[in-house]
Amino acid sequence: MHATITPSATRPARVLRWRVVDIVVASVVAVAAGVVFWVWGQVQNPISGPVSAVLPGFQGLLNGPWLFAGVLTALIVRKPGAALYGELVAAIVYALIGTQWGFATLLSGVVQGLGAEIVFAIFLYANWKLVPAILAGAGAGLAESILDLLYWYPGAKPEFAAVYAITTTVSGALVAGLLSWLLVRALARTGALSRFAAGREATGRV
Amino acid sequence: MTQGPPVPAAVRVGGWGWRYSGRAAWAVRDLTLSIEPGERVLLLGASGAGKSTVLAGLAGVLGGDDDGETEGALAVAERPPAEARGTAGLLLQDPDAQVILARVGDDIAFACENLGVPREEIWPRVRAALDAVGLDVPLDHPTAQLSGGQKQRLALAGLLAMRPGLLLLDEPTANLDPAGVREVRDAVASALDASGATLVVVEHRVAVWRDLVDRVIVLAADGGVLADGHPDTVLADASSTLRAAGVWLPDETVPEAEPVAPGAALLTARELAFGRGPAVARRRRRASRRTPSGVALPERVSLDLAEGSALALTGRNGAGKSTLALTLGGLLPVLGGTLRAEQALAGDAGPSPESWRSRELLTRIGSVFQNPEHQLVASRVRDELAAGPRALGLDEAEIAGRVDELLERLALSSVADANPFTLSGGQKRRLSVGTALATRPRLLVLDEPTFGQDANTWRGMVRTIAELRAAGHAIVTATHDAEFVAAIGAVTLELGAGREVAA
Amino acid sequence: MLEPVRTGPLATLNPVAKLGAALIVTVVLLVSIDPVSAAVALALELVLVAFSGIPLRTLVVRTAPIWIAAPLAGLTTALYGRASGTVYLQWWAVEVSDGSLQLGLATMLRILAIGLPAVLLFITIDPTDLADGLAQLLHLPARFVLGGLAGLRLVGLFAEDWRALTLARRARGIAESGAVRRMLGQSFALFVLSIRRGSKLATAMEARGFGSPTPRTWARPSVFRGRDWAALGIAALVGAVAITVAVVVGSWNVLGR
């Protein structure tokens, strides 16, 4: 998995192997995301009932926060497998805190992570700007909606399924994609990401 | 992989330099020096001279092409550091960031596992390392329950289990209380005596390591070596440079504080009980409130604070200095007894600080935390200083005036537009004091203001406090630093002993 | 919150076995959407819970979210599920029918039957033992497993940091400004602190030889013993009984068809 591209005069070398700092910071970010999942889980439970009662299928809009772990991790660490790792570790943390979804949480994590991972792979792990971020969020959303419709709402009507899939995907694109991208930029400005390309791009040569 | 007793390693640096990716300036440039096996070296120099970079380079943890570029040669035990993992052990400054696993034994065994040491050998090494640092806890003791000094010793044990030939210590005692400093120093001394390993230690406090080292090297700010030789010679010859660089020379005298006549009473406490309760996050103005939940420490405290006075809260770790400081600052609830803000302090806000709105707290009591990063709320230094006045609703001209004055006074003008997180330790500390001063509170509460500070920042802090006292402010500080207490002329209240002692 | 429960026979099982048991039950119950298999599995699990030795209070607190979420999901399905048979209520998009009621019941029981054992198994897992198991038994890459574990440990510091951040906001005079804005600001600060601590931790781990090409040894062996196979066996048995009863009764279906 080691690939170095000989640098041109201005572009830094792109290394695809994970460094130790990549692994640890990815874990920290994913773990923090797992805690955020727990908080969001507490909030979403009471809300999604009324929402789904009034506007069936629109509770998909509340699904965005479940998807940001993978995209955020990938945008920071910029290595293959980062999106999958981020979502999976966040899901494991969420499961360890003792939640209701059990093993399905891990399954969710894998599927959501893959949804984002595939998008970044399509961009050859070279483009980490706004557009791939939004698309990755959308990809994670789409993947989750498929899993949810199979597990949570297996007997749902086609209209419900369509609305749910679309709202989840949009929520993913906005919350998981756009917000993650903005968050990474804000983090970079604090200098916390100085060991990552994401951090150095934001601050330039200081 | 090291089998058998550690072999002391030699260090050869030949014209070595390192530049971090994303920086324009070289962290270290053209450094040449040579350290023989078994030598014990104290590395000094101003901040920015690259001392930490040199240690990290010797330990082989600077990274590869991704992290920066290198020039020149660096060798530990005749091999490049990256290939000599396990030969050099690096101890860092922050005790919390070096605890890797949840149980003491596992944490120490971690290094052995990484080096491929066979299982039968690991646990004997773990026990030996634990004894070598004098840490008397069972192997399954949770690491989260260790004190700062214990955590540093644990990290040292983890390194010793590797049987390193070179021990690298990067400001290991900066964040510790005096007892912890002694513990770590003694542990290092006994480890060195047992193994004869080479030592390179970076530290501001020369007195701690002076008797242990036999050579002092001073790095110049622009690269290269400024002085190199026996401790007595170097410390005498380069003393002015060292003082300017913020190094604590061993025989520094601490100036006496000017006495200040006390003014109006500000805050009184009678039989105050304090402890870790729920944080006072919202104001409460209920006349009859429920007794707040929280476990009170057994000690009861009575004190009087007047304008121009200074009080130092001292005592061993865990005695509750920080907790009392936070309670006096109106941030933690009173769990018994009374805490009363007098007219001069409270104005029209009522006598109980914990019931004040946070905006009211701004102009009355300013609190400065032990870790300045907890208090950063803005993305530019300028906005950070303006946050308090802005919350008060002052007009922009007034805010700008106050901000400029503080930037000037705290020597932060050069970083006025930088992100506060990117500042150096000393700058962050000055900034957090500045943010508390921006709203001109009558009482200032400081939690460990001199932790990890070099001599220059320390002196600056003493000066600032003297100015504040002369202007009628009152100071409360929770601190381990006895010299600081003497320098600001504070009355001491020792927790754990329960008596008020005149300075 | 993250402190594992160390009492009872569940705590002595290998974490990988617990993972495996939860996985078996989940997969079996995910395949079919019928109330019978879920109910049978749930009944058997409740019996096993009685033997698990976990204190009642912990049980109730940790599994409470499931008992709330499952009926909610069941209700949603009952209201909007695929209609078949007699229709009892129709209003806008809501359509309550025989089919949707049955699907709702099945969904609720399914979530309970999958979630309950998972929670109970997971809360007895010690993270370090799990990392050992994943790396030694399943041969997952050690760098990732241990790096992940190290990151997980930093969570313990989150709570302390959060408290300090809350107190600091009050000291800075902004504790009363918009709760949402303050929460977001604090969360951001927490992220920054954690990432910086993580970077330092990574350096500390590398300083102890982590990440080098030398093959790693393990100080704590992770073994799969008889009782671990037994746990897997019991999980398989629960699944098998559930499937059998459902097939016999005739309500077994694959993914709703």
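Just so it is clear, A, B and C label the chains in written order, and each chain counts residues from 1 on its own.
Everything below uses one rule, namely that contacts are C-beta pairs under 8 Å (C-beta built on N, C-alpha and C of every residue); 3 or more make two chains touch, one makes a residue touch a chain.
The model shown is predicted, which means the values in this text are computed figures rather than measured ones.
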Thinking of each chain as a vertex joined to the chains it touches, would you call that graph a line, ring, star, complete, or other?
complete
Taking each chain's centre as the mean of its CA atoms, the one lying farthest from the centre of chain A is chain B
Between the Cα centroids of chain A and chain B the separation in whole angstrom comes to 36
Averaged over CA atoms, how far is the centre of chain B from the centre of chain C? Could you give it in whole Å?
39
Between chain A and chain C, what's the gap in Å when you average each chain's C-alpha atoms?
19
Can you pull out the residues of chain A that are in contact with at least two other chains?
19, 21, 186, 190, 192, 195
Multi-chain contacts in chain B, i.e. residues touching at least two other chains, fall at 421
Can you list the residues of chain C that touch 2 or more other chains?
127, 149-150, 192, 196-197, 201, 203, 205-206, 210-211
Touch list for chain B against partner chain A, complex:
20-24, 63-67, 379, 419, 421-422
Listed in rising order, chain B residues that touch chain C in their complex are 1, 56, 59-61, 85-86, 89-90, 92, 94, 96-103, 106, 109-119, 122-123, 126, 144, 155, 158-159, 162, 279-283, 326, 329, 331-332, 357-359, 361-362, 366-367, 369, 371, 373-377, 387-388, 391-392, 421, 435-436, 439
Show which residues of chain C lie in contact with chain A when the two form their complex.
1-2, 22-23, 25-26, 30, 33, 62-63, 65-66, 68-70, 72-73, 75-77, 79-83, 93-95, 99-100, 103, 107, 111, 114-119, 122-123, 125, 127, 143-144, 147-152, 154-155, 158, 187-188, 190-192, 194-199, 201-203, 205-206, 210-211, 255-256
Per the contact definition, I'd like the list of chain A residues that touch chain B in the complex.
4, 12-13, 15, 19, 21, 186, 189-192, 194-195, 199-200, 203-206
Chain C partner contacts - residues on chain A that touch it in the complex:
18-21, 23-32, 35-36, 41, 45, 48-49, 52-53, 56-57, 85, 89, 93, 95-104, 107, 150-157, 159-160, 183, 186-187, 190, 192-193, 195
